[in-house]
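Questions regarding the structure given below will be posed in turn.
Read from first to last, the chains carry the letters A, B, C and D; within each, the first residue is number 1.
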Amino acid sequence: MQLGMIGLGRMGNNMVQRLIKHGVDCVVHDASATAMEQMRALGAVAPSTLEAFVERLEQPRAVWLMLPAAVVDTVIAALMPLLGAGDIVIDGGNSYYRDDIRRAADLEPQDIHYVDVGTSGGIFGLERGYCLMIGGEQDIVAHLDPIFSALAPGEGTVPTTAGREGKGRSAELGYLHCGPHGAGHFVKMVHNGIEYGMMAAYAEGLNILKHADIGSRPETSSAETTPLRNPEDYQYVFDLPEIAELWRRGSVIGSWLLDLTANALQADPRLAQYDGHVSDSGEGRWAAMAALDEAVPAPVLSAALYARFSSRGEADFANKVLSAMRHQFGGHLEPPGRK
Amino acid sequence: MQLGMIGLGRMGNNMVQRLIKHGVDCVVHDASATAMEQMRALGAVAPSTLEAFVERLEQPRAVWLMLPAAVVDTVIAALMPLLGAGDIVIDGGNSYYRDDIRRAADLEPQDIHYVDVGTSGGIFGLERGYCLMIGGEQDIVAHLDPIFSALAPGEGTVPTTAGREGKGRSAELGYLHCGPHGAGHFVKMVHNGIEYGMMAAYAEGLNILKHADIGSRPETSSAETTPLRNPEDYQYVFDLPEIAELWRRGSVIGSWLLDLTANALQADPRLAQYDGHVSDSGEGRWAAMAALDEAVPAPVLSAALYARFSSRGEADFANKVLSAMRHQFGGHLEPPGRK
Amino acid sequence: MQLGMIGLGRMGNNMVQRLIKHGVDCVVHDASATAMEQMRALGAVAPSTLEAFVERLEQPRAVWLMLPAAVVDTVIAALMPLLGAGDIVIDGGNSYYRDDIRRAADLEPQDIHYVDVGTSGGIFGLERGYCLMIGGEQDIVAHLDPIFSALAPGEGTVPTTAGREGKGRSAELGYLHCGPHGAGHFVKMVHNGIEYGMMAAYAEGLNILKHADIGSRPETSSAETTPLRNPEDYQYVFDLPEIAELWRRGSVIGSWLLDLTANALQADPRLAQYDGHVSDSGEGRWAAMAALDEAVPAPVLSAALYARFSSRGEADFANKVLSAMRHQFGGHLEPPGRK
Amino acid sequence: MQLGMIGLGRMGNNMVQRLIKHGVDCVVHDASATAMEQMRALGAVAPSTLEAFVERLEQPRAVWLMLPAAVVDTVIAALMPLLGAGDIVIDGGNSYYRDDIRRAADLEPQDIHYVDVGTSGGIFGLERGYCLMIGGEQDIVAHLDPIFSALAPGEGTVPTTAGREGKGRSAELGYLHCGPHGAGHFVKMVHNGIEYGMMAAYAEGLNILKHADIGSRPETSSAETTPLRNPEDYQYVFDLPEIAELWRRGSVIGSWLLDLTANALQADPRLAQYDGHVSDSGEGRWAAMAALDEAVPAPVLSAALYARFSSRGEADFANKVLSAMRHQFGGHLEPPGRK
């Protein structure tokens, strides 16, 4: 099996390495000469032009794009005149699923197939494999099975759920054809929404533990603030790295995200290198928008997302409005010295 | 009718003025000689010791405390040996209703009565009157009616709700005996919870309007952030003072809080004098705790409260945890230049 | 001044009555013969065909649509061939502001102008006037000023905010040209988002008061549920109609929505005629989507919206997932007898 | 090593089995003769009276209580006259950490030691081991190490976090002395708060997937509800059991809770046996209360908790208030046919 990969950033680079290791012939392309050279050293074919890249692919060609969502359409437009009937374009990045639906419709008249793949696994995917959520036509997805199988983690040490006899095998190996065009990125979008919620759950919990010593700190007394009623109940100084390590074994909240959290806390319990300005890459917002369109409540996913917005200062004007109202009706001044 | 008032801060001072204007004899006490002098000039009796203050009150004495919640117990303890059977202590400040229940039980063996009054109105109360939410024994509250009536706003221009014939008149005048000990502060606590929610609703809405020009601002392109899909839909530069003024007439969201917001935005549309570090004075937390005890959902009141906590930097460690996780699994760096 | 009105439902009907009362000549159209007949009786011209309706309008024609959002495009399409250069179409319903932008662009080549008007006031608007949030071209909006002025509440008893000398007068009368196409419905969308938040704040607060007697109710003891730690603190039976009436005077949370709540509670303190399945008409969702696009946090507005979704049973599957997890890890059964 | 266990319910029973398997001598007590008989069959000593139970324990006695939180104080009171100086009472149930602080202080004058243990693991703990969060005096906790070690999962297949050389070993085995009295249940309380948040994240995400076919369902058109703008984007019928199985391998959101969810969905994708009335057992509320006391935001944990309250109908009156307001201002009726 052969695959063409465009985009050799953090994700694409690792994926090509994993594919080569699993015996897939890789033809690659990227604007960075360094990235190209590195891939050649690993055994990939790396032609320097897009035209040459396409020519080196056997028909029907399979071209995997691993690019920032913002440039996918541009690259597809450049590829279009070079591809032919039966060829397949795969978007493995973080596209919005509605773009998948549109692109598949755009490519269809020329008999070019489109497959969307939501890819989870991050920088650990090279080693652990990538969880792949796939949308597209049945036969095209089936044709690409060796690629997906090579990228996916395989069964590993995760035991299969009881009662799955007779059900599809691929989910047990870490990849799944989820439905028609866009289904892969839809499932990935929801996946990331869940991820935001889980991350925020850990973050809030650890923050509560972090402040459990509040009763031992001198209180700034003020008519503006209620005194803590029971300081004797908040005298704990918790060792967060130890607690994160503890929860990894036998508890209900064990998870890979917790493993990573334990890693980070072990390196620095105060996480001093981080500012706490948290980005969001789109899927969380789209997941919330899907909830709004479907009229299903998603308070946890939304709260997690909004906390990220707030962490970047986006609530500042709202907070000024609150301070202004308080000043108006009560003559309340803001707490001093934090300007 | 006569009333003794202890505490001549922003609230107590204004309340005494309003009482005097309505013909109530006021005996006052405060640690500040300036405040005392000012009250004497207005016609109040202002003895310089607590003992003299108590002596000047006719029996049964009615002593209103208008003090920070944190010092109420101390002052009651000082008063106890000076008061006698049948006397009444009124707490008009922001006490937690559970303290009312405890204090009433503590005073009862000596036949001293306790009344809790949740007082709303802020610095405008002098002119508009105070909305009074009252808890205590039926006959004691009835005895104090002239005091409450003087402090309350009266019917004013607010038309009475249809169908209230035969119902108690006092709610229509702006004061109400809500129930036994603690009932006044319980209702005030919920009142403030609602206030937080309303304030946050306005603040969030105005923040959305404020950022409606985001499509016209140069976007910092980054693999970490999803680009705005439709910048052409976010080209509005709204005049917030005008919009706040507009909503005050005929809209569904007219309110006194909106009047105050219009005031503040008129003075400075950017609210530049405020940092946006928003205090909370206890009632909002207690209201949330009541919801938790009662097992009733209060997502809006809680979200409003948590936004205040976040505005004061209390989410910082939680946000660092999120950044650390993102760095761990995706190698994601925080957005630059905001440190 | 003359206005053509299409749509004589609850809103359109009242608006025509108000316009006629203020001396505006009204030509009306609706599918319902009864509605048309009623309008004729009030002095409106009510031709039975759309063609005749358009013919009766003086050029430049001003046609106000007061229709469900879902049919606006159909009616505009039917109007298009009948209108001429310089004519004006006004959408006063609950359209999404992006539809306004699109429609204005569609009509522009034929020199037909489009104005969007967010209209607040509900069934009380006939009497109180309508708060109007207007988007469109400067000169076209100015041309329609007599219409807006007739519909708007006017200054009424609401005092103008201090310091507004030299600022536009119309906001003080209850209508405002907010910006270009879509600006009116954008501001209305945010207005409704705020409305949802305020409504939820009252609803949650009243629910906390309603359950303040939980300590006096026999507790269903169960290993699944934590017992209430302090039943003695939850013995209050509050009179909600009285409390709502009380808060209307002098309190910080007075508002028109509270006036309406007092009305409803006075009619029936238990609100037994309502199921509590709460609709949402779109603006709340769009406001949340705008917050997501702008990356500004809107936790209160979203929580209010999600509570409505939940009230309609849309969280049911999510809740089953929770029950299933609990059953899996803890053998927990759901509380009996509520199936 | 020997341990006395009081309470042979779902949890206690399994724990004794695990202890016996790991060579700990168990003396047990429970009101249920059946449970006692079963334990005898497994090799435990099971005296029929509390007095005999205590007598069979070697001094210093170690008595582990595995009981509903509501009866712990009663059992401790019954034990008190039977125990002697140096004995140890361990509460392994779901007590509120403040009760631990109080109990430890109550027992101290008699030189009886108290240890609180938050125990996670549910019905799988017998096999997987229990994650133990421990609070109490240093030397007492050290004395009990063989007990904790037997109950805990051990390192298992979870690799130790890098860089932990020289740190305490017990966290890597699944138990940890977290701090003084109450620290164990404090950490467990936060653990459960996180658990609620994670569970809700999965539940909301799966609910969004479940409703992704909304565009294919006939829409009930109504002026009360906005139509779905893009039904073509919501045509997906997702196979939830397959997707849950998929996410277990290689994805960022893998966890033990997800494993359990996959189990439940595999058994019945519609989860028809569940009503979706979700209990909460106290810790989630206490975690939220701790956040309120500490003034740290916990929007995700709270939203998860409130969703449970709502699932049990506790928002009903609040929703009626919303319907009543809507009826008042807009004449809106509730959606028909759902009563």
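Heads up, the rule we're going with is that a residue touches a chain if its C-beta (ideal position, glycine included) is under 8 Å from a C-beta of that chain, and two chains touch if they have at least 3 such contacts.
Since this is a predicted model, take the numbers as computed values, not measurements.
Between B-D and A-D, more contacting C-beta pairs join the chains of A-D. Set against the C-alpha centre of chain A, every other chain centre is closer than that of B.
Averaged C-alpha coordinates give centres for chain A and chain B that are 43 Å from one another. Taking the mean of the C-alpha atoms as each chain's centre, chain B and chain D sit 37 Å apart. Chain centres here are Cα means. That of chain A falls 29 Å from that of chain D.
Among the residues of chain B, those touching two or more other chains are numbered 122, 200, 202, 204, 207, 210-211, 229, 252, 257, 263, 280, 285, 293-299, 303, 306-307, 310, 312, 314-315, 318, 329. Interface residues of chain B, counted against chain A in their complex, comprise 9-10, 68-70, 94, 96, 122-124, 199-200, 202-204, 206-207, 210-211, 221-227, 229, 257, 260-261, 263-265, 271, 274-282, 285, 299, 303, 307-308, 310-332, 334-335, 338-339. The touching residues of chain A, when paired with chain D in their complex, are 97-98, 101, 120-122, 125, 128-131, 133, 152-158, 160-164, 167-168, 171-176, 178-180, 182-183, 186-187, 190-198, 200-202, 204-205, 207-212, 214, 228-230, 232-239, 241-243, 245-259, 262-263, 266-267, 287, 290-291, 293-301, 303-304, 306-307. In the complex of the two chains, the chain D residues touching chain B come out as 252, 280, 285, 288-289, 292-299, 302-303, 305-307, 309-310, 312, 314-315, 318, 329.
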